[in-house]
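What follows is a set of structures to go through.
In the two complexes below, chain A is the common chain; its partner is chain B in one and chain C in the other.
Let's look at the complex of A and B:
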């Protein structure tokens, strides 16, 4: 549809089917960019979405290729390089100062003085010819999806369509992806008609799906392919892949090859045929082959005066744009005046996808394996590939047409001269030249210049191992970061049923794994003192909770955990360690025996999924008949703790909550404030406490009733901050904070929780093996003379022998306490250590109420 | 088709729904040497390998299957 775009605050009309490039070119704009390093003028060149010359900012998005961006009504298009712009650029002076930025200058310049680099880097970054990222924080989250097919065809030209049809005809589910609309890159009208016929035939197949506007950026093991489309990333799991990405017209390397007005043949022809605009008024086409005459006709139809020349381009002449060309012809060296130089030097396969897929069921079809083939040959090649017999690539690896000067890599401004200098400096292989000069590392990813680089190394006489194409890696087309993070960066927030209660009570919510948990309700000390002196609540709904039932429930628990299980009577509970096969502590929790041989198991909040997988794996491996029900999300839990905890519950319950009725540790089913609860008497914080496990739907009601009734004891809830100090006073560890991945129970002082006499449990053999080794490292209680910092190194005579993993200042004890790792020094564990300027003494744990009198009250 | 895992409960599902559980190894080790090998040494086979998969985003069942680590094909 016709309309107009806003090109640098100018209204530029466009016709039906125009791209941004064709619409703007029609107005006479020839300089589209300033180059990365030397700020040379660059104009439209490949017109197939390969080179970086036409990158512009469209509607605030930098780095869009104008040649493949459809002109849309009202689009705001801005050129983005040059100071102040590409037409007139003060930094063009750098083109006269190549000595200031020699090849590899990052490794050579501004090394000393060191402070100079900071300024230089800032200047260099500002001076480079690239677009600016929007900084307004706009971010459109994209989705990722996965799809499956038998055959994925990448590229919707004649070869790709023929391949898709052939594959579909043998009954395979076929997906065809093209980065534009089908046939978008073609120039010849006859070819366009054939594409329409083939696409109609493909669409008529019930098992062909066509994805337009999807670029394949990489192929991976599987084979799987990553496509970037308008709605984000599409991961395709395919049985096999056919690459039909065609060929890019060969890049020419000669002095002046990067001047605006130098075009690749197919691009120039496409501009003329599809948009009716010639690259210039006087065009010289250099090249041979069947396509050249078509190109000449197309340009003439668009109104250009055309000369066809066979020969080798020696140089393109001109300062701001091409004004002439010198060609070595059969009749000697001749010069021609022109304002467009069109190169038809041959074809270079766009084969990066094929090369990165070696060893996978991935084949090629058409130009990518037979560069320069006729449309009929491409179609036949596609049919063979579709039927499962793809053609092997047949073309030389290097490109043998380079003059001794000119730009090899136009994206990164690397000329033949730079390659020569690097070679002389000793970077004598194509891979190393690539890394040192950054040639092939720009937006085209070597599509244009990869073979020239290989040719250069070969012409220098490098051994075969040091020549050839550099390794192809994803992405072959530039994706946006928002495409790549699609489906990956999905932050999960889990909330307990009491979330709103915490927030309205003014809690600071902390992220704890996936859970949102209250850190403090304003004053950590209030919650802490409520636990120690009166009564307090904590939302512990995040605990991992499992019901383990079935004929072999006891057998599973007995064999998976090192805990003594057989004598655990219904109504009793026991501390539980989970060891992995290496005998290292993986998790810990509490095991409650229920009637009828069932068990209720609670473990660390963050480890619920791992614990579930662990239990199910062992149940399956040991061939036991067990049901594992993960009740983590189904049940809420509130811990009621403090000297008056029992008084508070008694005020809300008619059930017997006495010491005799609920042992320690033990549990009973009771009703509190009308809510059926499993009350577990457990002592993580070191006071009388009951975890009330209940249906999540009743959490708010229960919480409110407890707070209401707790007024009598000036109740306060506590959060993670208070809990950290409360458990530390009891010497209880936090898994992962206080432990390391290779801690067996002995190192943590938890050997008492292992029943070594059991015939078998997971990790038993490893524990026995390690028992023969001397203990090198232990987690010990520490007391400091002043408040220490977590993570502080512990040293003896200046030698670091450990570190502080937890610490705090206990108000009720009036001591600075902590836990920390201590290494064995000369056969003994030191008793006194330095923590920086502080002195640390090893102290017995628990620090608070070591006899557990308060706990059992 | 690549990497569809045959779950005995849910049928063929994409591998992304599963958690890889590593090589299938014996449960018990006879003596400290064998235990060390069982815990720390892997065959790392290039070819068919019996291994454990957990249908974490599905039925939460574990299964043992044989996968060729070179071709990524799963025997059914």
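Let's look at the complex of A and C:
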């Protein structure tokens, strides 16, 4: 005895090399599970990790296949299904109530009354399932890594090893991955010896790496492969892939085919040879072919009485387990008493990886392309594949016919009868049968039943397009969720240099596109009033910032944007719209003219990458010599806004910051608190404002200096919450929030930003065509009698004609204001609308300081 | 287990006609010149020689392309270096990029963000836009630091 495991509070000894399945089977346990739907007994079947019959909970982890789980000292093993357990299950009554749960019953039952489904679903979920996820919060984060090779070989049998050796011999970096130890699934001693020879030869190659215990769960473009190993996910970027995953023995479909005691041949032989345990005392092996005699010898060596029978299994008999089998032989129908029925009915290629890799440099070797081939043929196939000449896949030469009854899909309890009923209901292709019956959708993912489903459709005379194997998709082996999330951190935040300052000031950090930005520093009103009455700061480093330079910089700006550029002198700035070819607004910003024909362009925070690509693309298309430098990361920006903004800057700068030196909109290079800045006079919040663009490394220093000097004016920073109201009072739009993808400037009231007299700019032709059409929808300023809600529908006489896109209550105006889409009604835009119970009146914008006196102060 | 270090690095950008950049002579000062696009090179160098490198490139480029542009973009980038024999394994935990052997340069996605990568025998330096710096550090600590353990 090598040790013992705790099997349901019972000490079960195990030997070296035992799996959980072999150790427990040795103690006489034959029922491992109850089936998903009808709670039928399920016993060990394939022993290759394909079927779902032996799923158990090991040390609290559900869904482990006992047949491929190594027995480890002290492991706690529990069967997971059955009420109260698999040996005696009160829900086995469902096996006598098939009429209550016909195929597709969940599409038909509990539909009315609707509230019933909530309870029914809960009941169904409790009655089915294959284990419970732990709820104690245990989670072991797994790593992910990427590796590169010329050739990836999936499968470490004779074909895989031969392929790896052949590839390595021609100098290719080769990675071989197998889901277990090399040769783990083989039983024949001669084959094991050959595996050892080949693995020694492979290991002797300097350019071969072998990963044992790594399951390939999917192949993707590249080709790249996802391997799940003991330490996490390995992504393999390979030049080509050789799939050598072998074959699973054909699953026979006949009455009683799911009884405990029915085994697939290789599994039974493996149990006997590797673990020294016979699957039963009296075994009947049904099948033909060279492997059958090997299986018989193996079982006899393990102490079983074996009968070899050639013929077609008519039924397996027994109630709790197999007690006999009826076989249609050449001599007629005969019955045999047995406690183990071993099936050797042919081979089904384990080819899901191969099938999902169509069009990629992925080939197969061995059983997966030559099902049922001899070891010698498999090795030769592997060498050909390794040398770059893989065999074309061939179909199984023989396939067991389905009897009129029996389970096709043992994972999902789908029998021949269910397929027949589904077909009669009109689900007449293998793909649709799959979806309706859920056959092939269980843990084996069709490894056992996929071909039966295809042959069933074929036998019904379906056209070729309706009879194929169902589409193979990852994962082909069940990974754990912790494997799948290994290395994936989907939430990525951009942070400005002032991030820590905001956090330490108590800011609520909001996600704004990819950026983290302060929403409020505790009291939105404080920030808002600071802007309107005193002075305030806002971190606007998130703005997209570009230097556009080079011989044709002016030409690029002129032709890409509808803005008038020719009269934009250095030191001046201008609002700018970016239109796409359809004339729709895709971004907006501010264009500042610099000396030497350069331009400094700022645009919305979320659009930096798109704007950069847009500029580069048009530079190439127009064959212009332009340099576009994205300075978003390089430069920080702080907006100083409020009636005392200029006073604050003057207190920290020796430069001329007068209205004459920096017009509105305009800019100048100045030094503030010792930091070189480009000060841009802007007007987004409607007060005197200067954006100080500066080297990112100086942001903290500048921010601190401004706050300190601002004490004299009771300075407060403001965040996005305050900004939302400040800009709304000025009637400024938020792109995306206030706009729709098909908005041209006219709909937004921004036609003034388009220089229509320019001979050409991106979107001009579209704008001209649209100009001839009457406006059907416009973004309009609105006033409400009470505080509205954003998104509220706007209606006229009960007919919805728009919605509120922005709204708020302006303290300085004492009004409820907003922006909203309004559709034309009978040729005119309504002046009065309803927003639910509220009344909305169209109002001119800007709501605040319409003459712009304050921002030019 | 690779060590993660913040790597002080200056970044000088030169944009010019591809032919001009082909002929641009490297500035020396232990600077590494990397071609990041047909019309762009980035020069990575120790911060203490950044001014010298900037001056040299600025002086040389106009003779090759009068419209060429040279900028110090140091503030826009941040570099983290994985140091130690497991550095490359650590890198493979955060990127699918194939690294050049020995001293080399490549660019692509690291920890889901765009990056420039400098390699040496026992270290891998990952240079990302400054706003990704914290993100990259967190990913390196979470995923790469355990490599080889």
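Quick note on the criterion: the second predicted complex is superposed on the first by the 630 of 857 C-alpha atoms of A that agree within 3 Å, B and C clash if a C-alpha of one lies under 4 Å from a C-alpha of the other, contacts with A are read in each partner's own complex, and residues count from 1 in each chain.
In this text, a residue touches a chain if its C-beta (ideal position, glycine included) is under 8 Å from a C-beta of that chain, and two chains touch if they have at least 3 such contacts.
As the structure is a prediction and not an experimental result, all values here were calculated from the model.
> Determine, under the contact definition given at the top, whether A:150 touches first (chain B), second (chain C), both, or neither.
first
> Which partner chains sit in contact with A:496 here, chain B, chain C, both or neither? Use first/second/both/neither.
Touch partner of A:496: chain C, not chain B.
> Let me test your reading of the model: by the given contact rule, A:768 touches which partner, first (chain B), second (chain C), both or neither?
A:768: touches chain B, not chain C.
> Tell me the contact category for A:237 with respect to chain B and chain C: first, second, both or neither.
both
> Let me test your reading of the model: by the given contact rule, A:550 touches which partner, first (chain B), second (chain C), both or neither?
The second partner, chain C, only.
> Check the residue A:623 against both partner chains and state whether it touches chain B (first), chain C (second), both, or neither.
Neither: A:623 stays clear of chain B and chain C.
> Classify the contacts of A:697 with the two partner chains as first (chain B alone), second (chain C alone), both, or neither.
The second partner, chain C, only.
> Examine A:633 and indicate which partner it touches, taking first as chain B and second as chain C; both and neither are also allowed.
A:633: touches chain C, not chain B.
> Contact-wise, after the overlay, does A:582 reach chain B, chain C, both or neither (first, second, both, neither)?
Only chain B is touched by A:582; chain C is not.
> Looking at chain A, does chain B or chain C touch a larger number of its residues?
Of the two chains, more chain A residues are contacted by C.
> Chain A residues touched by both chain B and chain C?
Residues 146, 148, 224, 237 of chain A touch both chain B and chain C.
> For a test of understanding, state which residues of chain A touch chain C in their complex under the given definition.
141, 143-148, 224, 235, 237, 487, 489-490, 492-497, 499, 515, 547, 549-551, 625, 627, 629, 631-635, 695-697
> Mind listing the chain B positions that touch chain A in their complex?
Residues of chain B touching chain A: 1-4, 14, 16, 19, 21, 27-29, 31-32, 35-36, 38-40, 52, 54, 56, 60-62, 72.
> What does chain A use to touch chain B in their complex?
For chain A paired with chain B, touching residues are 146, 148-150, 221-224, 237-239, 581-582, 609, 612-613, 616-617, 620-622, 760, 765-766, 768-769, 772.
> How about chain C: which of its residues touch chain A in the complex?
Within the complex, chain C contacts chain A at residues 13, 15, 17, 39, 67, 69, 71, 73-77, 89, 92-98, 111-113, 129-135, 138-139, 142-143, 146-147.
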